[in-house]
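Each chain gets a letter, A, B, C and D, in the order it is written, and its residues are counted from 1.
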């Protein structure tokens, strides 16, 4: 069966595995103090054009989010997020488990926050000391719906955060896909300028696993290793992350991973629409959302793995096809061909 | 420089990497729902002779400990541990960060708990409702000092826990080394009988990373996946853990890993003593602790990586040499030869 | 200046203070183990017609809510509440600080939950193990908007909770006002039948301070004293709570407190409307919400203390007048007379 | 039966109750924003000779400790305390429940910390980032054993804390007794100079309930109201605390409360020794600890309430007699006379 269920169905870019095999018997110190990790940090600092930042490699997105957010907030402080945000929905209450409220803002269906909605939530909470106090804004780029922020939108949010003394944190689980998207105007090197902290996703962008947490704001760096240890987020053989990230950022690979994912996604976007199905949302990245009649889903189930997203109404559902660095064009063609036939 | 600094200096058994390379482009579902994970679970259930248990693969020891302990306890409940226990000392307050007190018991220097010391702590706390209530005992086997519990000792602690309605949790970070130790009388298949929950360590026993959490007591299984997700302890590409553990438990490899580690450790134990240095503690597993004059450490520093453990007195220190599946006998010989010369 | 700002502006029913004065020099044991506390427990058990429950006296509403909810939930479990619920809005993230997500459901403006909205939230979360798992429903009666549940509504929610294995928790901060309300059909003795746990509010119903937490469901009783201690919610001189509650439940006083509060509120409801202002919501209890033009608020500010609730639109606001056992009818008349004149 | 079980057996100084009765029907705003609270704050600022501090009134000792400590620490930070400290033993894991480790240091039996023991713990933890990082020292004065710090000892600890960038927090649950003790050389007005934060105990020193948390270090003030709300530690009728503290600090009453308690304790100290029993520890404050043969305890049980402290050996126990502002000299004489007879 072909699968477009998610972007973590395969292992890693072969070059990543080769590097792990090649270095396997070397002896290094643990917990990220090794030279490979140091090398990867330097490569990423170059890529983001920011020397004065702190980088730590972690193992997964939820882990990174809960660590970063809990490290940065005082007990009574809260984080503002879209109600469709990963931390709001799909992390099993991970942020709350560290003691912090996620102030969830309804979005217009785009998965994106904007200054007016953030400001409204901020003002309500800030004016009442019986409420949790917002100190951070969380956004994802691309969002959980594959949509993108423009540089102007990002800058506006960042400006608002600075004005209100809040931190801006960007979840870049699928950042490669954002960077390579057709209409994207935010370069990787723009990120340090427009946020206090962000992470570059590896798990969904070519690695076996791994996310690079990047702290720009100097007041947030202190004690981060201890927090990492405390949350069970350190890897004893820390070099595994360093080796992987060093490879991922050589030869423009991170961008290429995003480019291939997006190319395959655009084929799906076009083909599935041609086959007669409606987009649920207009995404230019590696996640594509469609509206499917429930009765057709039963046929689809037997041939294609996809992600069921939500009920739309009694007869229709929203489903997601995801692509990745590993997506085979032939599989995309099979999918489209199957869908062209399924409707008849 | 040769290194005996720890048992996580190298990557993984080559056969592990081969399996990862071989399966790399296969598509599987995520988060441990794949067939490789299922296969590994079955292999381990066979190995521990326990079908009716729940197994989940995790990424590291601290992560496993904090997840397991917080999942099992009610807010007001505490865990009893040796003051030298990993959760007491080297996890940066990870258990407390989930809301629970670690009741730390001084040991006699062996790193081991016994029933009288547990009972004393239990009774003091249980008789006073203004104190945190003990509901779990945590032990490591081997301990953080490389020492071992006998089956009789383990059984006695387990019996006491049952009598007092406490859970017994065994940290098996280096379980391979315990299983293969000369004087060990606890078989792998004994563990399900003598505890409520334990974990089989992979990171320090041949894997790139990975620990197998095994829940025996049925009342502790509910909700464990959610807890795992909430603590950021799920791996998107969960099969990476399944593939590794499946390989590790084929061909008696887990035992062999322990055997080789111990063999190398015994050579060190004998050789270092012959070279004129005193044991700090009598360990039969892969960690060996010695007393070294501080002035000799300066010479050692230039030639050998080791772990500084603690000050003994003004002139002497305790240091640790650790071996692993990857330790080369030639390096052991070099170490001993170096030490024979150093004293002169 | 006359004040309708809240229902905790004065001290306590004089009879309460008299009892405290009278018993002041007696010696009793601490932490609620005294005879006065025991007596109050018996009186309340009689009043709610439930002998087989556990009662503990606490000092305030937020304290009671955070203690009860955290005591009952496993780490990965969440509580469902109205987005206008006290725990959602006005407790500074107290529930999240104990590690639990509050799943906030938009209400229709009534502040009340119903089965369809609860069920929708339940099903979405329950079907996805990457989400926090709902285990409890929180409602307030009266709600934060002064509205009331009918017995049929309460029973329906309770039935749904039983069906889905969730606990139902009722916040009765202003329960006296509910009990004495014109259209109320839930007797105090109905509460044990229709929930797992609830509290009878004292702070806003005649006491200096104090809430009576009542646990009906036997599986929730274990360890509650320890949890109370751990949250800093025990009072050393615990009898202060026992003495107060014993007095409050003699001579039908609890009902009378509610009756007087409501009578005064109904005068306000009628009079303010007659004076030409619109109700924001139709409440039959001691909180009355009105829509006021912003320009009139400036005049009001100089003469009457009230609670600003929220902006309605650019020109109008929602404000609250609250009454209590201590409200003087003359002050109500002054308020109405003032409002009759203010508009002109 | 006469009782020396604790110092919270009675209500409050009569003058306190009179003030509550007198102000009962006044209307004030809630949550400590009233004029009585403001007045009490000013009186205390005068008494401690520190204008530039932040004062908040809370309801109990455990509540104050957990609030203060969790408010001040980052997630990975820990507090150093004596293993006999209240937060180590008798708060049911309240500090850990907020996520922080208490690094417990064995004392020499005095209940007091000193610089060498603090420094040892500090250095071990600070040198290893896999350990929780100490950021605060907690001491009680008087200690849980009634002993006192000298000004020189306090200054030394404070100097060490400043040197190592740790906060010093002083638990003054029984501060009145310290202030009035024979050998005390620390004035109330010295406290702001020698710590970052402390609290003046009211519950055990003449109030119905109440502790005054005083924050000296300006960087610790931000957000404290929100933290208070979040921990359920705000009192709706906040003036109850203000009224009480204002009365307690008029006419030198706080000192007098301590003086009477100590005077009665000294009579006990002398009389019980004369009656042939041994001091367990040499206390000059209102708690007196003695060694009693177990067989005599049975007789004592029938006549006197006391606190059983701990087993000393198979035949002897440590017990505590506590006095307070309310202790009647006649009861002391009865106790001594009873003990003189009991031994025969």
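Operating definition for what follows: a contact is a pair of C-beta atoms (placed from the backbone, for glycine too) under 8 Å apart; a residue touches a chain by one contact, two chains touch by 3 or more.
Not measured: the values here are computed from a predicted model.
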Give me the chains shared as neighbours by chain A and chain D. B, C
On C-alpha atoms alone, could you tell me the rotation angle mapping chain A onto chain B? Nearest 5 degrees is fine. 180
Among the listed pairs B-D, B-C or A-B, choose the one whose interface is a repeat of A-D, with over half of the contact pairs the same by residue number. B-C
Winner on C-beta contact pairs when C-D is weighed against B-C: C-D
If every chain is reduced to the average of its C-alpha atoms, which one ends up farthest from chain A? D
Can you compute the centre-to-centre distance for chain C and chain D, using the mean CA position of each chain? Integer Å is fine. 33
Using mean CA coordinates as chain centres, what's the gap between chain A and chain C in Å? 42
Length of the line joining the C-alpha centres of chain B and chain C, rounded to whole Å: 50
Which positions in chain C are in touch with at least two other chains? 75-76, 91-93, 97-99, 129-130, 132-133, 226-227, 229-230
Residue ranges of chain A in contact with chain C within the complex: 75-76, 78, 89-93, 96-102, 104, 128-133
For the chain A and chain D complex, residues of the former touching the latter: 70-71, 74-77, 98-99, 129-130, 132-133, 222-223, 225-227, 229-230
Interface with chain B, chain A side, in the complex: residues 3, 5-6, 8-12, 14, 17, 20-21, 23-30, 59-67, 91-94, 97-98, 203-204, 208-209, 226-227, 229-237, 240, 305, 326
